[in-house]
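For reference, the structures are reproduced in the following blocks.
The following pair of complexes shares a single chain, subunit A, combined with subunit B in the former and subunit C in the latter.
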Partner chain A sequence: MKYLGWRLLHGVGLLALLSLLSFMLSQVASGDFYSQLRNDPRISPETVAALRAQAGIDRPFPIRYAAWIVAVSRGDFGYSLAYHRPVAPLLEERIGATLILTGAATLTTWLIAVPLGIWSAARRGKWGDRVSTVAVSLVLAVPDLVLAIALLVLSVQTGWLPAGGKISRGYAQMGSIQQLRDVAWHMVLPVTVLVAGSTPVLIRHTRASILEVMEAPFAMSARAQGIPRRRLLYRHLLPAALNPLISLLGLSLGSLLSASLLVEIVTGWPGLGPLFLEAVMARDFAVVLAVVMLSAAFLFIGNLVADLLLYRFDPRIRTVD
Partner chain B sequence: MNRRWRIGLTSIFIALVVAPLLLAGFVAPYPYAEQHREYPYAPPAAVRFVKARPFVEVGGRWCEVRLLPGNGRLFGVAAPCVIFLSGTDGNGRDVFSRLLYGGRISLMTGLLSAFLSLALGLAAGVVAGYFGGWPDWLLMRGGELVMALPWLYLLLATRALLPLHISAVEAFVWPAAIIGAVGWVRPARLIRGVVLSGKERGFVLAARGFGAGHAYLIRRHLLPLTGSVVVTQATVLIPLYMLAEMSLSFLGLGVEEPMPSWGNMLTEASHYHALILHRWLLAPGVAAIPVLLGFLLLADILLDGRHD
Partner chain C sequence: MMAEPFLSVRDLGKYFAPRRWWRKARSGRWAIRDVSFELQRERTLALVGASGAGKSTLASCLALFETPDSGDVRLEGRALRHTDVQLIPQQPAASFNPRFTAGEALAEPLVIQRRGRRHTRREIVERAMEQVGLSPDAVSKPVMEFSGGEHQRLAIARALILEVKLLILDESLSALDESAQDQVLDLLSDLQREVGLTYVLISHDLTLAERMADEIAVMDDGRLVEHAPTAELLRAPRHPRTQELVQANLALSEDGPPL
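Entry: the complex of A and B
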């Protein structure tokens, strides 16, 4: 498919440009990983200079960029100065933790929001719809950050849920089923926060897109022909209303790596979020760059998947070709 | 209720919840940096009414709360007594006062950065939409590049360009400037669309036919068309940017101590000891909810109006 190839090329170009730009930004940023050492009177400037030379960050920009590209093509994304190891294995552990969290949250969000949105649209203007619309606005007004801290307070006070982290003490001694249950138990809080943050938006979009096709002439004629309500809703209206929902699906797939950053930091979940923040604070640019490039690539892939799904499920856009 | 009423009521609601923040210097009983070292982590004051006069308990004594005690504040208690409606933090600073001052800073950051984003978006959108060609291509591809990044990284990277030690005023202006500068793409795209369609409308073509110049066409005919998009986007962006400021300051990269903001006050609330013992430190987060709700409701009503 010519379109797909074109899109891929475009994406690779975008990512390459982005890496160049990020690299330049890291150049003009004030300070590097060894700036802190310079303030330490016990460490001589020569030592710092030697360390910088060893790490290769005193080399000119084009050479460093080329070295980084080579590292990326080798698949290790450079060397983390803070962790003294290549970036790739470091990221692998963290990506797993983040994806479990965001994957569970995204799945839950879609399972809750789409039926609720349809339900709300089918009862437009009635009590159920009004109550859910108000509830959606209220939940939307509670910042993730505040909800996370409030739930932490609740779980500390009541002991119902663990207060942050991913595993309990004594995790290593548990059997594998117990381990699974332990992690799931720790996931409840962050996943709740993520779901509460993204569900209202999705409910709204589902409701709006169903309402829009309800007004369409084909829906009216279907109704006039006496097609049962339920069948009309699920067989006729839902497929026609799918277009914006698929775009949103692409967006939530694309933000799988970056959506939980703040929640992870608040709840102490050992995912990409805390790693990224630490790397930014310590100016550990190899890690920063790798995280940024990965999440940008995810965003791009998410959008691409959405476009392909649209092409598959919405015959209306195929006529453009 | 018709739309006009709903807009009016929501605006009144916003004005009511925002007024105490804007008047923080009057409503708050203490300045934001004043430390009461002998009262670290004091719990919220218990206020009792005796014969319709409010009293507050401090260390076993009851002191009367006076309206307009004469120090230029709305209410207060006589000298040896103290009043902490929402408790104090670890430095003995009144959380209620800091919450009001901090809310003012968070709100101002939201307004300032929304204004900046809209100004940049308007400029970029008009140039891209009106002139087309390579400026359009360049601006839209640049926008894609910005949108391809998770916004927090953009914020952090831009923050990293600045020196570490900055004055109090700069500490407030910079987060606003960064948040605003990073968010120009969405308004720019919307405004570009409005300008693109407006360019082909009859009265614009007619004005051009009569020999109107670019500057005149943009100023008199195209900019007024973007008005409703700009207003709607403002109501969408303000709560979004207040949240951005809260996140950034929470992470220690935005507004800095001793200046309060809702974000940096929540940093202390998330510490483990606060979760167990000092729940009142969560107050700024609770205070944020009605303000955000007001702006979100207004944005909803305005966005809804587009389809009518």
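Entry: the complex of A and C
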């Protein structure tokens, strides 16, 4: 538990450092939200200056950073100049949409990849393993965005799937079950793209880590006692192969907020992705910083969860502690 | 009347071929070939030979780690089974699942062979630990926390749990220092008398073979080239390879150990 305390402290320090860095980078970026107004001859420089003063972005850097940190630690991520709304509620909606998408994709990925990896390892060198290895390489070689665009083209041409977005027209008039079905229907395409992107890697890792422990001396001696395959797999091989998979799980939990940014933009899913892109383009830095900080916090939490799981499942880590 | 041999190995061969994914490669090698010998109950046979002579492959075949490509191994006239033989490996620590406690590791063979119930298993495990000179209080200690010599004992206990009659000791004592080696040797000879065990000792160390074995078999290039009672083989080695080994051993013991 002392370890947990240290990890938390470490994480907070890391986030603070990251915030400073990203805040500085946002300053280095040329211009601010009001830069474009200067090009408009109808707006006088005085008006722009007044707007900047009102938004508080004319103050010196350390003061603004300090003010921002204080606000963030109170859970206030500032005010979006583009949306004329506080950032927090704005993010809330978008985070929900993103999490539904990445959550479904992550779950599907793990449900497909782990059994397939085990199955592949169990029949290494045989027919099924070779076919799956080749298939995995092929899927791995296709870039996510190309796949997304290809699927979009396909859905537009055939009308099998909605071409992007999250809800159909007339969503508000639907019953709640219909609404659910409608969203699920819209999710199929982006989830497929996300799953195609992450499944091959996970299959390979699962297969490799199972194969590695298959050759371990303790697996050999279990075999010499006449152990049935099933018991060997579940009692010896899987627990021993679990560690790298747990680390990967941490990573996939950690990237729940950030994994789908590009896919969201391409498929028009109203999650964090499009919001982030717009905010960057508009130099709406309060939003940009909030998204960066939240993603980082997620990554940290994901890794922390992985560490705790490792601690729970590997007695060796506990004895070292 | 000639007694039926306890262990009889006939024309045993193991072929290794590099695997190609489209077919079996033609160029392979017999790691052991035409190995035949017999061994009586409660005797100890030492298999000696240079590295690469096929000792370990033979051990793997005897312990059913590998399936031989020719010949067969029979115990008391029937085919060898997992419950007849266990191997004590060179590095016993690695042969235990690092997540297990001593109790779990020793009970695992019982579970695998579906013997006993939960509480009787515990008794069997504790008895086996006592037999090899470990405290039964250590059942709940993780395997990783035992010392090298204790791992050796644990491995022996695990083999005893299945009540096997044949133990293959694959360089099992080579990694131990002398005093630990002596202790394990004493333990093994006690067990041989008490439980009625038969040992096949794989070793490159003729001194160890001399101390422990009733008979010695010499391997060279996958074949068994000489097999005789220990004293006889050491006194009058016949095969050139045996003579080399005996010479080397003499030179070593006359000069004392290196260093």
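Just so it is clear, the second predicted complex is superposed on the first by the 321 of 321 C-alpha atoms of A that agree within 3 Å, B and C clash if a C-alpha of one lies under 4 Å from a C-alpha of the other, contacts with A are read in each partner's own complex, and residues count from 1 in each chain.
The rule we apply is simple: contacts are C-beta pairs under 8 Å (C-beta built on N, C-alpha and C of every residue); 3 or more make two chains touch, one makes a residue touch a chain.
Note that the coordinates shown come from a computational prediction; the quantities given were computed from them, not determined experimentally.
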| message | Given the alignment on subunit A, is it a clash or a fit between subunit B and subunit C? | response | fit
| field | Chain touching more of subunit A, residue-wise (subunit B, subunit C) | value | B
| request: Go through the superposed model and pick first if A:80 touches only subunit B, second if only subunit C, both, or neither. | output: neither
| said: Quick check on the superposed pair: does A:130 touch subunit B, subunit C, both, or neither? Answer first, second, both or neither. | reply: second
| request: Name the contact category of A:221: first (subunit B only), second (subunit C only), both, or neither. | output: second
| task | Kindly classify A:145 by the partners it touches after superposition: subunit B alone (first), subunit C alone (second), both, or neither? | result | first
| Between subunit B (first) and subunit C (second), which, if any, makes contact with A:266: first, second, both or neither? | first
| said: Just checking: does A:240 make contact with subunit B only, subunit C only, both, or neither of them? Give me first, second, both or neither. | reply: second
| query | If you take every C-alpha pair with one atom in subunit B and one in subunit C, what is the shortest distance in Å after superposing? | reply | 7
| request: Would you pull the subunit A residues touching subunit B in the complex into a rising list? | output: 14-15, 17-18, 21-22, 25-26, 28-31, 137-138, 140-143, 145-146, 149-150, 152-153, 156-157, 163, 255, 258, 261-262, 265-266, 276-277, 280, 283, 288, 291-292, 295-296, 299-300
| query | In the complex formed with subunit A, which residues of subunit C make contact? | reply | 19, 21, 63-65, 81-83, 86-87, 89, 91, 94-99, 108-109, 111-113, 142, 144-145, 162
| said: Applying the document's contact rule, which stretches of subunit B touch subunit A when the two form their complex? | reply: 144-145, 148-150, 152-153, 156-157, 160-164, 239, 243, 246-247, 250-251, 263, 266, 269-270, 272, 275-276, 279, 282, 285-286, 288-290, 292-293, 296-297, 300
| subunit A residues within the subunit C interface of the complex | 125, 130, 216-218, 220-228, 231, 235-236, 239-240, 314-316, 319
